[in-house]
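One chain, chain A, links the two complexes that follow: it is found with chain B in the first and with chain C in the second.
On to the complex of A and B.
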């Protein structure tokens, strides 16, 4: 950060900004965690097609990264998160949630075990002060390493092919859930592989541009396309994965508890391990576990290809939820959304959204039927 | 001390009076209890220190006004030799011009006395009645364990549940709400005129804290202290302030229990997340299925157990609690009785307060807060030898001076400022008893840090933690600890850090022991 006034807003650029800018045909930029990131680099159709049928590369340097290291790093983190990470082996990573004392989510992210006593935590939101507060009483040090290095995400069905072209064949053998530092072009790069052929590369700052260029060049054969945040967001919504700060708020930053969620309200598998005797929120979550959650975050689809937006989810005349993420899927002509909906209203059908529909300058309202989509693993 | 890893039914960490009371209640229920006291003498804030083998000094506390009658009765303390040398002591507010006020607590007498001197007679009666009435609804709440809420969420909601729900009746709630935010100075300015009375009330409302009379919540503190007062009024035990601890030790030993002095707990042993024993700083390990700690909650949970066994929020809140000590002690051995101008010998045996006006109390609070010594320290003086001549050689006396509003951290450091502090305090006494210095043979000075290092009183804090309305009842010391049980299985708190707070009452110890026994009777332990 430059020496300006502390409250002046600085839009920061990632180490890959110039490379990404070269790919932009849209001049569409968005802000993520204070960084200027690409919205779309090309038309949505082109990007989405590449992501679902070819391969894509994206700058993900705006994600927060924390280094947590020390003799008792594992103990400290195991009290922090709701799942049991004592089973997390070196070279692996796992999705984690963490709560405060009332069982409300403070953060979420991916936790990678880099070494016996060293971890990396990747999150959307700032959590350093919470990590520091959690360090008291443990031999551990937590620091924000977001400013170090950069992140690249290679994804899509031809991602492996792109790796081959790039001469990174051994990465094919990396299994989903692994996080390993590999030597690529003579540079040390932390590589994470997610399910669905998503590879994350975390090179050092100086190595980021050469790696980006190399992948872009080598991947052209496999139809590799650079994409921006909006297409990544579309994939996230399609997968039904809520994001803190967008679909719900962190318990330490939210003003109203209505906008804060518990692990039980999240879609998918509930990631709370009560066999672990001490972790933040345990007592509260245990009380909660016996009751059913009042709200749930669900994935929605509106089968209507018109130009429309919506926010309010209704059952009959009554509002039962709010849509927090919305995108248009060109492949299927559907609007996909994530919404927080009263749990009781989720079971039977009959949900509608109050859509605003546009045609050129005309705007009108219509109630459109909406359905809850099953989670991707069940699809 | 014998053998490694002795097995007891329960271990009590801390031989303060509350730890001893808890041990005696458990012993009464047939448990074999071991008490571990870090210091050389038991008693904690209520212990007697020997000086030159001739003087029995009230090392820290010097008066008892709140020892619970139920504790005395349950433990049959009288039968074990505990008695007061004097009770119902009058309070004497010293006036720089010699027009001292003497209050007995008897409304009629006090009104007559004050009216005769043109000092707020009727106003004082009205004030005292209001104090009495407010204390009357609080008192039952202090004499039983608090209601506890299941979670620590939303302090406001908790406040409503834990505090207001207990105050039965609309009027009591109104009274509480209007007082919780009020300062004692507001109250005094509304109802009293005489500066001496204002000073006395402000002194009592702020004693044992770093609060100044203009701080919100001080009106409530006054009521709180009043509500904890026992019927016997201000009293001095026979044999000195340490007599209570001594009686309790004899009682515990008679129950097959043991009390070890110079046995500092350095760690609580854990079996998974269950407390199962204690390691002493000399390496000895003792085990028991039940551990009670009369040390401060923060000390117990963060240092003896460790933050790792707690949820981070709780650990965080405990670590934020500031040490609130602002009281110092000067204990003097005298070879004669100094002449207090304008006081009868009977009055010299009372509780003597130097706090000429509310503003002087305010001023010394502000200087203490700034890390400075007050120019004119406010203080409470007690001469226990007026009532008990066994405490000193014949004709000799003990003067116990409790100096209020003394900073824990002082500008320039206590090493350099100690002498100046003593000089100022003695000078203040000499204003009323000019010949006092002629009699001083020896003495000891205990600054707030001294109280910590010498007698294990963390931060020199009277109450082992704050005492404003938001630190009380079901919120004390933290909502999830208010029921004496802790998140650590088998570990309970039993000191003044718990409800109903500090002072020599025995109530935290009693309630903790009763909680343990009730939980056991129910078949669970937490």
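On to the complex of A and C.
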């Protein structure tokens, strides 16, 4: 990835940038983690259709990656994350949360065990110096390998078909939660399989372009479509998965205490294992566990297909929350959102959003009813 | 005869800011200054015809937008430029810089130590959290000890409840910033000696302390108080007036005059007339007497009390407090006119942080050594320099292609241990400064068209500021907040004095140099509030 002095280029390009640019009909680019990434490559409708009914390929190289290795890597990591990863077998990965001493989230990500004493951590925020400070005294070494290699995401119901076309049939046998290094076209590639037919490929830098080209070419038959960050965001919001830095802030960077979250305020299963005797933030989390969380991150839907935006969530006249991610789902004509809402206001209905609706140059405000969406089963 | 509602003595930035706020509120204000040009310590001068730069200070005035809110500076024509906050040079290829873009800042520090890129985020977060607490205390009169009244009590209560809401670890951090040294705090975040020296160097320009002196860590906060929080996660930027301080001064003077006020230059006030410990008017050097119900001094605290009054007429403890108030000269100033833009060894010409200045300050140990030498009144042999090129920010300050360079020489004693300053000593210091500049900017000396060096006592002679102290009173904890300039024990937070209707508005008052020109704005607010109270009563 491009080196040089930092002020020369505020945004870097991923190893796949040129390949993605070829696929772009829109020339729409966004910033993510210091990288220039595609926004939409085609119309939103085309991309969304492909993602939900066919297969899509995306550049995900902007995700941060850390290599954590050493004799005591497992012991060290198990003290950092809130769940118990001692049962994490080689060749598997698991979603993890890590907290600071007050039980506030410093980061979240996926932790893959790719060898007996070797791990890969995938996160949104930079956590290296925090990892290093917290691994003092352990025989373990943590390094940032974000600049090495690239990431590709193959997703959608026809993803497996696209793999067949590409001659990667054995990957069909991977189960959700597997993280294994496979040889593809003679290149070593770390492959992660998520729930819902999502495959992540992490090849070395020089191998990224041949792999992308091969998949694109082979997948054409299966209707493989390249997509950008905006559609990936839509899928994330649809699934109700918050993103650090957007829907909440990491405890190491948030200036206001109001914008950091605890694992109890996150949607989905609570990923904290108190059977584990020692881990960061355990005492504080224990105290929190007996109380109910003050806020929750929830997925919202507004059944209204007009061109509108909203941020404030109300109950009656009172503001009870703020929307942090917003997208329009063309297939259902709904506006979908993630919002941080007072926990007490989540239980009963009656929530509204203050929408700003535009038509040509006219702008007006309307209170629109909003539903809290249940979480999909297969996250 | 013209009736004046208020007289401001001294057309420095604080004086002009106070005058502009009062004039906008409808008062007829008269501003008097003994110099031919307004601006005080932030004034500019031409080192050679066509080459303009801040005469005594490094950058002139930084703009704090909130201080000038409501004055209409933009309508008066002032334009502001935000620049990245400077480069520190330690040797060929050894330099680091402050960038306002978060990704650039993290990558820059990570270039020196990988962890430091990440540490920047925590450091910025903690500094902004502290700044959030400190800023409200700067933009108003600080409650005085012993001050009665519900509002002072309320303010203290507000502060206490805020304290109680902090997590325990935060609380410790918030107390540490007032007690620890700069180097202790930096050690908690950063590993690279270059990064630490860079941040310390920015905090120590013009200081009377070194990076290891206790109770100095709060200085690291200053850029975050002045630059404010921007969303980019980088270093706070410097807001500079386009056209330099002169542009700001012209706009403020224009606002005063447009509102019916008046500025009189070369009008030195020698006396303030008192009756029953209440001020009545001023006497000029030529004997002219001008009466006004309110008088505001933008002269430093010492000069105001000891120089404008007959000591027998004012309370003894006021004279004593002014005598005790510490003012120390710490900086000499070298102004250069250059034939071309200097090339800095190893630093690319297009580095945006250069617009914020260049520091040749050495490591933390060297900074400590320089401070120790100053403490013993030794003239520095390896001077620690803060450099700024005003013509990089605004090319109109020098003829096309030419440049001006403003060099602040830090830790220069007011009176050397081996006897008073002589021409020979001054020349030796100038030589040492040029020598050091030459190491970072080879070939610089050949491009110097004109130069002038000002020592602390010469700055005093020119500006009238005691000891040539640009902070107008040492900025140490015992001379800050309610202690600046001294606890008068009355409402008015150090702006109102025991002499009725006599106010102080210079940097000798709260918040001093923490926020430029804020003291002037606060004084105006205090005066207007007391007038409103009296009208209500």
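We take it that the second predicted complex is superposed on the first by the 368 of 379 C-alpha atoms of A that agree within 3 Å, B and C clash if a C-alpha of one lies under 4 Å from a C-alpha of the other, contacts with A are read in each partner's own complex, and residues count from 1 in each chain.
Convention: a residue touches a chain if its C-beta (ideal position, glycine included) is under 8 Å from a C-beta of that chain, and two chains touch if they have at least 3 such contacts.
Everything quoted here is computed from the prediction, not taken from an experiment.
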Touched partner set for A:11, first chain B, second chain C, both or neither: second
Touching partner for A:180 - first (chain B), second (chain C), both, neither: neither
First (chain B), second (chain C), both or neither touched by A:144: second
Touched partner set for A:253, first chain B, second chain C, both or neither: second
Partner chain(s) touched by A:36 [first = chain B, second = chain C, both, neither]: neither
Partner chain(s) touched by A:101 [first = chain B, second = chain C, both, neither]: both
Which of chain B and chain C A:136 touches, first, second, both or neither: first
Chain B versus chain C as contact partner of A:282, first or second or both or neither: first
Which superposed partner A:24 touches (first chain B, second chain C, both, neither): neither
Chain A residues contacted in one complex by chain B, in the other by chain C: 101-102, 130
Interfacial residue positions of chain A with respect to chain C in the complex: 5-8, 10-11, 34, 101-102, 126-130, 132, 144, 252-255, 257
Touching residues (chain side chain A, partner chain B) in the complex: 72, 75-76, 79-80, 100-102, 130, 133-134, 136-138, 277-284, 287
Complex contacts: residues of chain C adjacent to chain A: 97, 99, 101, 103-108, 111, 114-119, 121-122, 124-125, 128-129, 132, 167, 169, 229, 233, 348, 350-353
Chain A contact footprint on chain B (complex, rising order): 150-153, 272-273, 302, 306-316, 319, 480, 487
